[in-house]
Amino acid sequence: MKEIHVNIHHVTRVEGHGNIVLNAKNGTIEELRWEVVESPRLFEAMLRGRKYDDVIIIAPRICGICSIAHSTCSIQACESAFGLVPSEQTLLLRKILYDAETLQSHVLHYYFLAAPDLLGVGSVFPLVETHKDVVLMALRLKKLANDLADIIGGRKTHPIQPMVGRFAKLPKADDLRAIQKRLKDAMNDHMATVELFKTLSIPQFERETEFIALKDPTEYAFISGDISSTDTGTTPVANYLEITNEFCVPHSTAKYSKHNRDSYAVGALARFNNNHGQLSTTAKKAAAELGLKPVCHNPYMNNVAQLVEAIHVTEHASDIIDQVLARGLKEEDNTVKVKAGRGIGAVEAPRGILFHDYTFDEQGILTSANCVIPTNQNHNSIQKDFEALVPQILDRPEDEIKLSLEMLVRAYDPCISCSAHLLDIKFV
Amino acid sequence: MHSQVIAKQELAAFVENLLRQGEVVGVRRKDGKYVFDKIGSPGELCLDYDVTVLSPKEYFLPQREAFLKFELAEAIKAEPITQAQRRIILGVHPYDIKAIQLMDAVFSKDNPDPNYFRKREAATIIGVDCLNPSPHAFCASVGTATAESGFDLLLTDIGAEYVVAIGSAKGEELLQKHAKTRDASDGDLSKGKTARDEAARKYQLSAPVSLDQIPRLLEENYDHPLWEELAQKCLSCGSCTMVCPTCVCFDVQEDVALTLTTGERYRQWDSCLLEDFAKVATGENFRQHRSTRLRHRYFRKGKYMMERFGIQGCVGCGRCITACLAEIASPVDTYSRLKGGS
Amino acid sequence: MTMAVSTKEEALYLPRLAELIKVEQLTEREKLFEFAFKDGGELGHQPGQFVEVSLFGIGEAPISISSSPTKKGSFELAVRRIGNVTTALHQLVKGAAVGIRGPFGRGFPIEPLKGKDLLFVCGGIGLFPLRSLINYVLDNRNSFNKIIILFGARNPKERVFVDDLARWAAREDVQFMETVDVGDETWAGHVGVITTLFPDFEIDPGKTMAFIVGPPVMYRFAIAEAKKKQLPDEQIIISLERKMKCGVGKCGHCQINGAYACQDGPVFTYAEVKNLREAL
Amino acid sequence: MKPKVAFFDFTGCEGCQLEAINFEQELLDIISAVDIVNFREAMTERSDDYDIAFIDGAISTERDIARIKEIRGRAKILVPIGACACIGGINCLKNFYSMDEALKIVYGDDAKYYDTIPARPIDAVVPVEHYVRGCPMTQSEFLKVVKALLQGKRPDIPNYPVCVECKMAGNVCVFEKGETCLGPVTRAGCGALCVSNGRICWGCRGLVDNPNADSEKEILKKHGLSVEQVLSRFRMFDGYSEVAK
């Protein structure tokens, strides 16, 4: 029998550095590991001693790709600590900004990072020659999402305008109207993407697991609600530690999580599995056309769930713009009154549920922080998927095994640079 | 030319009409201060402001302006870009009008600058007398609190109405076509004068020496230790010159498309306070020390411009005093200290 | 405000296209470029003036003109490779097109020199602008009286326009002296900075015009030597290098106190410069 | 012959690599002007044959040092992109804590397996040719540098403070609004983006060549910051610089 050695150093087309190790002899798996090798950045150390308004600038630098999620989560944690309830206008703008990031991140992921696998190439670059229309469409959608983030957040990566309690600068109504038109036009590109996805063959693999996401009775949750599990129902955000149960593993600089089972999954698929009923009509229809049905246990289908969500947030952003325009934009003077205490923020980053947990002193200076990153929560699920998948494919050629494993990692859209940054430090 | 009087509510109608003619730039509020900006309705306009963050110089010398475009594909082709947008600039204070007159002199001397003059010709200037001077302004002491020329129209607030001084045929035509006015009586004119006289008394700062003495004061103190003292604090940030209505130095740069087949040459605001301003390609810097750059600014304002163009280089608007975080850019303070020490 | 802008003025910042017709390597860092206008026209310069050379897409740089106005149909620019534009210029080959604006600035006086004794003090690439005047003067040799040319280079490898130097040295009607700061095995001539040549000649301060062009550090010393020979300030003429962006007295970079090097200079008399504290 | 371009990431958030893909039409132009041969975040292929290497992230492990030296050995032109690579960025915040102690608290006896050293910018380890600054890197500056490299010229990167661009933008000075910022000593090139968007300058683009940092510190103190707060300002992005010590 053959020996199989898969050692993928720094998996490509993912955020951050992760390795895949597989050694098998005569059909027996001797070693099979998902390793996270990012340099620890000791983020909580960086945040400690900083005033809250610095914290919301530093914390998003955990991750460039989901900086809006970190920014929003960080701001929410501050607001929760200070007992500050932001205005309706601020919440609406936050939602639009959030839709922008979800759209940007999802489009980037399924077109630039995942699609090359499905189209049999190493990156998006050769697709410029072979699939120019598709690339132009992807670029158009990405630009739309980026421009939307620019208008509301001041910048697409590491937003400038979101602040505790308010936005530093309000968008112009004309800009909102113009981008709303583009959001509506983008539905054509989304539909074309759905048609394209129908032609791709998504690997068939299932492993029953628990899916965790935020859940809000009023809408498909991204920045509000309680924690929801497909196994155990809802838990208040305040009790998030009961869900995340982080633990260390020797081969990883990131922490791992488990809840009801030996692993759980977060992300687009987890949100879909928990909240599919609240998707927009078009998004629901796209899901049905693409064969995505709750509860879906195929991790490769996460990309399909991302597409469904991209459609949803495009429509959602347009609806919220209507609300904002109807209300009219007003300058808000929201002086922040700091107080000592602990606050927790919870949002759905593109890759899954994210928590920032801060404690401040009476001057608004951070004394301790804990951030639980979606990818950390998925690491264990990736490992368990490996363990379930490899025996099923061990008879295939080594390259094929390698690709299947890489694609699986990519399907999770892991943000490793994020996850390894958050080593929670208990200061003595 | 004779003056007219326009009622305040008629002024709004006048502005409405002007907006129908094309672009109108006026003074509006921003973050508790005032700025020149495109306006969309008369309601946005503030005519009783103290001072704007930037002067209207950007409408003649934009912050960044492409003036040459070229193609590099096969045969090189280059052509100038000098087009200008027709524009009415409304609410210019007399000191800024004087600054524009100085710009006219700078850009016309020896080699008339086509980019400047295209914009200048396309602009109509409607001034307004400054009746609420900024606490940092010292216009009354340098003769720039009022203006007799350099505008097409000039408004003076006399309560329920404005006196409108007509400064050009263009201004007169604009008023005739688009505004409901009446002839100004002697009484109106005297009300206008009273308003200006009262405003002149409101200035909190005044230059410690008369205009004609400044060049000598500077020349005698070229090596004064004050320059080095101020340079210790100077950030070389260029803020004083960016906000200055008479600072017109520019840098020239080039931009090309990624394909390297087309490009443009543009100029953008520069400042003699910046470290690299006088540095040549060999690395030689002809004003390497902060003190020499700082001194050059004062000399250019107080002496060189007067000598070269016959017009004072500082119009007393006080924007530099406001902009300088190190609190060393004030001509009033600096002249006082030089005077005290000489 | 009305001010008609003529077609000529419309083109203030528009370069004329010129073709590179000859390139000659002068030293490791310096090349001589000969250009002819594509429209067939002349540059029409005076010695001492400069042009703004455009390499479209790279930028524009002020370069002094090295050829004499007596040379027709083309003009020469000698250029040291130092910045973006000059580096790109050095990569050009015959047939390439550049843009030229100018000539700009005040050149060397010509008429007042007639019948005078002339002293040229050229330090290194200070010869680049002076060569224009020297060749003009030699082309009209009868109009001038005694001619002394001093040339100093840092070392023998940095001597520029060696053919011209040889030609001047060979002329009976020119007193030519040369030195290098530091010699080498190829060098049998005078060694020492350029001011060490001053004791070796005499001038009549009443009727001599001196032209001094060289690196910034040279001026003070060379002028002091000229003053020792009793030359009045008005008869000492220098050319100053400054950053020149627009070339037409607008951008402000070349100001030397109140003077604009691109308009009032680059050529100045020492009498003028004495009142410009930033000049030397 | 198109130049071969590689991207490498060290310790950072990868936002700068994201900004490199976050071009739209320009991305196609970039792809046609250069051969991208190595870009882990975006492509599977990897090549060790490249002319220009763009580096994202700071150096924060011994492994990083060896790796950047290897890249330097191969690249003709090395360009750090973003605050982490250019000045160390927020990574250097950790330098003000005891590394060993922090690690021990987290990992206990396993601390020795975790390779971490005080964070530093790329040019603290190897020489670099140009910089694309900002957090995230300023996209227009990235394009400027790419074009300059294609043209074989030195890019014209500002050596003046953000104040210049902030004034040009017509902003009301943050100090006038009762806040404070690092604009007067921070290298421009961002168009004063943060102030134009209603915030302050945190100094993510690093200092100008000869900043008058003493004067800036005095000004910050005069506007109410304690000595500790002044340093803390500089440490946010530029903790590696002398000014922050």
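Going in written order, the chains are labelled A, B, C and D, and every chain counts its residues from 1.
We take it that a contact is a pair of C-beta atoms (placed from the backbone, for glycine too) under 8 Å apart; a residue touches a chain by one contact, two chains touch by 3 or more.
Keep in mind it's a predicted model, so treat the numbers as computed, not measured.
Q: Mean of the CA atoms for each chain, then the mean for all of them together: which chain is nearest?
A: So the chain nearest the centre of the shown protein is D.
Q: Find the geometric centre of each of chain A and chain B from their Cα atoms only, then give the gap between the two centres in Å, rounded to an integer.
A: Whole-Å distance between the two chain centres: 51.
Q: As a quick test, compute the distance in whole Å between the mean CA positions of chain B and chain C.
A: 38
Q: Let me have the rounded angstrom distance from the C-alpha centre of chain A over to the C-alpha centre of chain D, please.
A: So the centre of chain A lies 25 Å away from the centre of chain D.
Q: Can you give the whole-Å distance between the Cα centres of chain A and chain C?
A: 65
Q: Would you give the residues of chain B that are in contact with at least 2 other chains, written as numbers and ranges?
A: If we look for residues of chain B contacting two or more partner chains, we find 253, 256, 260.
Q: Could you list which residues of chain C touch at least two other chains?
A: Residues 57-59, 83-84 of chain C touch two or more partner chains.
Q: Got a list of which chains touch which?
A: In this structure, the chains touch in these pairs: A-D, B-C, B-D, C-D.
Q: In the complex of these two chains, what residues of chain D are touching chain C?
A: 151-154
Q: Spell out the residues on chain D that touch chain B in their complex, using ranges where they run on.
A: 26, 29-30, 32-33, 143, 146-147, 150-151, 156, 159-161, 163-164, 167-168, 170-173, 175-177, 183-185, 208-212, 215-216, 218-219
Q: Hey, which residues of chain B end up touching chain C in the complex?
A: Chain B reaches chain C through residues 67-68, 70, 72, 75-76, 78-80, 82, 104, 106-115, 117-118, 120-121, 123, 168, 222, 248-254, 256, 260, 263, 265, 267, 270, 272, 277-282, 284, 286-287, 292, 296, 299-300, 303-304, 307-308.
Q: Would you mind writing out the residues of chain C in touch with chain D in their complex?
A: Residue positions touching the partner: 57-59, 83-84, 87-88, 91.
Q: Where on chain C does chain B make contact in their complex?
A: 1-3, 5, 9-15, 17, 54, 56-61, 82-84, 86, 97, 99, 216, 241-243, 245-246, 248-253, 255-258, 263, 277-278
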